[in-house]
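What follows is a set of structures for review.
You will see two complexes here that share chain A, one where it goes with chain B and one where it goes with chain C.
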Partner chain A sequence: MSVAQRVHELRRQRPRDRFLRGSLVLLAAVVIYAWFGGDVRVTELFSERRAANLARFFGHDAMPRPLRDAEGGGGFGALLQWVGQVWREKGATGVGATFAIAALSIVLAGAYGLLTAPLASRTLMRCDPYLSSEDCAWWRSVSISFRLIAVALRAVPEYMWAFLLLAVLGPTAWPAVLALAVHNAGILSRLGAETVENLPRRPLAGLRRLGASRSQIAVSALYPLGLGRYLLYFFYRFETCVREATVLGMLGVVSLGYFVVEARARDRYDELLLLILFGAILVLAADFISWLARRWLRQAK
Partner chain B sequence: MRRGLVLVALLVCGLAAFLALGLGFGDLVPRPGGLKLAGEFLGAAWRPALDYQADFVPQNAPAFLSVALAALRKTLLFAAAAMSLSLLIGTPLGLLGSALVPARVRLPVRVLIALMRSVHELLWAVVLLAALGMSSLTAVIAIAIPFSGTLAKVFSELLDEAPTTAYRALRGTGATPLQAFLGGLLPVAAPDMGAYAFYRFECAVRSSAVLGFFGFPTIGYYLKRSFENLHYREVWTWLYMIVLLVLVLEWWSAHLRRRFVA
Partner chain C sequence: MAHSFAAAAVLRGIDLRIGAGELLAVVGPSGAGKTTLLRILSGALFPARGRALVDGQCLADLLQGSREQRRQLRAHRSRLGFVHQDHALVPNLRVVQNVVAGRFGQRGLWRALRSLVRPDQGDSEEVLRVLERVGIGAKMFHRTDTLSGGQQQRVAIARALFQHPTALLADEPVASVDPARARALVQLLVAVAAEIGLTLVVSLHDLGLAREFFPRLVGLREGGVIFDGCGADLAQSEVDALYLLDGHDQGQA
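Up next, the complex of A and B:
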């Protein structure tokens, strides 16, 4: 058999899967329909009105106030002074509140995830966990209900949770905190359950054989074994929480988003962009903290 | 030991944040109006609207369910367009940000990726609405910028962490770096990259729905309007639609993942 024939043979034997192929075709069809079906019109972007809009935005609106010629045309010093002023008047409050909202909500979400992870895991919620694979209705229904709760919490976006909670609780920081906490509780509960399910089974089966109850197994083995992994997820979610917290202020809570909306209402786009820049720096700082924490945790092993 | 320390530190951080925000548990009790609202809202959960809840509906208004389907369609299509654009931009950026590329290219690319990622899609939407005005493409670009950054970051990490045995073997037999990459590294990392991209599609659907709050014709637009008109049964219809959409996507991605990611 020649090399070419062999290659041909191998190619014919490659694993093929109908479900994957069907999925890819369907996804491609949806993408093509989205771009060419008239819902997203690319040509809209190139109209003259839009070009004028863009020129005005970057030429005037987005230009920092002290640099605009019409208003005196200060130099670099004036620019710095303006940045400092916006930071003192709005940036500092916004950044502080954003970070605090994210920190409190991720701690709440983390606690929920920690408590419900064993309850939502399919491996512990059996008649005789780790020893027989037999299912029984009651324990199964426990894990299924905790999973369903997690999905429902997670499926609704943070921004909508905050919008709904704001109407009930009024304008304190609670709606933002709870919205982030609820959405991330759903995510961490599920990730926690997966962590528990992926733990090595043998030591756990050993404990069970010695007569340990479910809660004893959880306290003495699941938490100590799974905590490291769970904390990695936790810090990863913390990053996204900070990102989301900047935005929730747009609903009227004092985080950076609040000042962004306020700047927009006053048509101060230079200030708006500066505030977004403060937010970006905060998010990058949170990324860095999270990265440091995860590295530190990994090294502990 | 370290983990215990981390847990204690986290509790302290949470408490500090609680105090810094000036929160009290008293504020957690809904205001009198809020309590009534919450009761009515939760009471409507069992009866999501299948028709307009308003007493007066203009004669020529389209049926509620057809409006709902149109919103669902827009939400999905904006997400699909944004996600395809993100793949187009994020994949090359991810390659250029991976350790395969010399540092003088990799580092600037990573900075660019970080900047794209660090601004939330809703903030991009605010800026783009000011710069470009309202258009379907505004929504798509607003989602695509941070999503490209996130895809690029994760793709470059997946490529860096993928086992390099096949890649090095191909290099050893005389393949060029590009050939070895295409034949030995990309196929190894591809299932994880695909699974992650699919997960991000689910996130894009949520973001697309939320962009409706800014006037785009996706689910968020109708949810906000229904809530402001106190049509809570309609609100639940929208909420259930999002949950259903996410459930379907999740079922789909779980099936794909089970087959292709070990």
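Up next, the complex of A and C:
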């Protein structure tokens, strides 16, 4: 048998995963059905009436007021003036409130996640390297409880939390803050627990072996080893919070979303688009802050 | 003080007595059961059959016993220095923080927390002394993962010494360093143990090192003791039997 034949033969005998292949075929079938078989018709997007609506929207409704011919057709100066006016009257308040809601809620969620991550992780409930099996059952129940709480907190979308809390607390910023905090507390607790579970076992086993208690292991190994990764999750959720805080305004909390809904109610699509643009800039700024922090964390390891 | 181990029958009918202050090397091929034996001696693992006794007390009984007895087991572990193959330190802490952790088993949470933030004068001085003893005093405030593999192993030895141990167990402590550094590390372990009268049990791949530094050798193969005695008395046939490759290890032609 030649070398080429042997390679061919070995290749033919390589281990293959039937399940993986089967699921790929299934996935392809589902995608094709979703595009062409279901209620969503791709052709709907390109109907004539839709094209006319789009033309009207972009040609007139979305055109900033000072630039419209009917309003006197002011130039670039008038445009700037209009942008400044919308910013002063609504944008500044909306952007400020949105940022404040996001920052406050992520700090609350982050603190909860930081405290509960070691408790929710399977690492602490294992007997090995936590050799003394005496209180294993107790720690197992602690860990399962905290994981269940985390799952329950994040199972309800932040939008629903805010909806419920608005009914209880009234239209202040607090329903939004608490809704985001509660939902993200669940997420960060879970991600934190996973971070702890993925830590190298050896340093923990080493400490346990010299007689360190669970809490001592937490402060001397779990936090020092896991904090960097946890903060990556923290900043990622912060970005998400900024976006979500914008959307929650649509429920009536005073953030950017509130002004967006209000502009829509007055059919002021130009203003609406400008406010969305402010929101996008805020999100980009948050992304940038978070990117800087994460880059710094990666370098510090 | 009397300090002796007696382990029976987990690996395969092992009957071993280790006296206080004895220097002992466990040698044998990979998978012979060296790590298991050391884990049993350290009280991290309990034999499925037979008993492991320390100072006449059965470790497994302590675990099943009263709160007071479990506390004794923790105290036993805290006085037993263990050096792992891959040093098992917290890599992103400073050397001094890793070393003070050696006494966590004898302290509460707050004392431990404080010594991590800033060790007190007494601790600092003692940490420096043990670090100087293992030859890396200058690295006291360096981050542990900036040290070389051999230096990190010295930090691990310093942490074990900081425990004020009655015995030191080392599982393949030189498996990941080059031969010259391996020799220096083994020499250091033996010298330190002899100096303070520690019981020392080290598992090694390298029969040469074991013969050079240890008065007593225990050869393990497939879970059984092949020989137990002085290295000089070892016959060539016994050495061959210890490391003989079987068909699987050699791979197929």
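Rule of thumb we're sticking to: the second predicted complex is superposed on the first by the 272 of 301 C-alpha atoms of A that agree within 3 Å, B and C clash if a C-alpha of one lies under 4 Å from a C-alpha of the other, contacts with A are read in each partner's own complex, and residues count from 1 in each chain.
What we mean here is this: a residue touches a chain if its C-beta (ideal position, glycine included) is under 8 Å from a C-beta of that chain, and two chains touch if they have at least 3 such contacts.
For clarity, every value in this text was computed on a predicted model and none was experimentally measured.
Look at A:269: by the touch rule set out above, it reaches chain B but stays clear of chain C.
Of the two partner chains, chain C is the only one touched by A:215; chain B is not.
With both complexes placed on chain A, chain A has more residues touched by B than by the other of chain B and chain C.
Contacts of A:10 after superposition: neither chain B nor chain C is touched.
By the touch criterion defined above, A:1 reaches neither chain B nor chain C.
Judged by the touch definition given at the top, the superposed model places A:53 against chain B, while chain C stays out of reach. Once the two complexes are overlaid on the shared chain, A:207 sits against chain C while remaining clear of chain B. In the superposition on chain A, A:137 makes contact with neither chain B nor chain C. In the superposition on the C-alpha atoms of chain A, no part of chain A is touched by chain B in one complex and by chain C in the other. Residues 42-44, 63, 70, 73-75, 77-78, 80-82, 84, 86-93, 97, 101-102, 104-107, 109, 112-113, 116, 156, 159-160, 163 of chain C touch chain A in their complex. For chain A in complex with chain C, the touching residues are 129, 131-134, 202-203, 205-207, 209-213, 215-216, 219-221, 224-225, 301.
Contacts from chain B toward chain A in the complex involve residues 1-3, 6, 10-11, 13-14, 16-18, 20-23, 27-28, 30-31, 34-35, 37-38, 41, 73-74, 76-78, 80-81, 83-84, 114-115, 117-120, 122-123, 126-127, 130-133, 135-137, 140, 206-207, 209-210, 213, 220, 223-224, 227, 235, 239, 242-243, 246-247, 250, 252, 255-256, 259-260. Looking at the complex, you find that chain A touches chain B at residues 17, 19-20, 23, 27, 30-31, 33-35, 37, 39-42, 44-45, 49-50, 53-54, 57-58, 61-62, 96-97, 99-101, 103-104, 107-108, 110, 151-152, 154-157, 159-160, 163-164, 167-170, 172-174, 177, 227-228, 231, 243-244, 246-247, 250, 257, 260-261, 264, 269, 272-273, 276, 279-281, 283-284, 287, 293, 296-297, 300.
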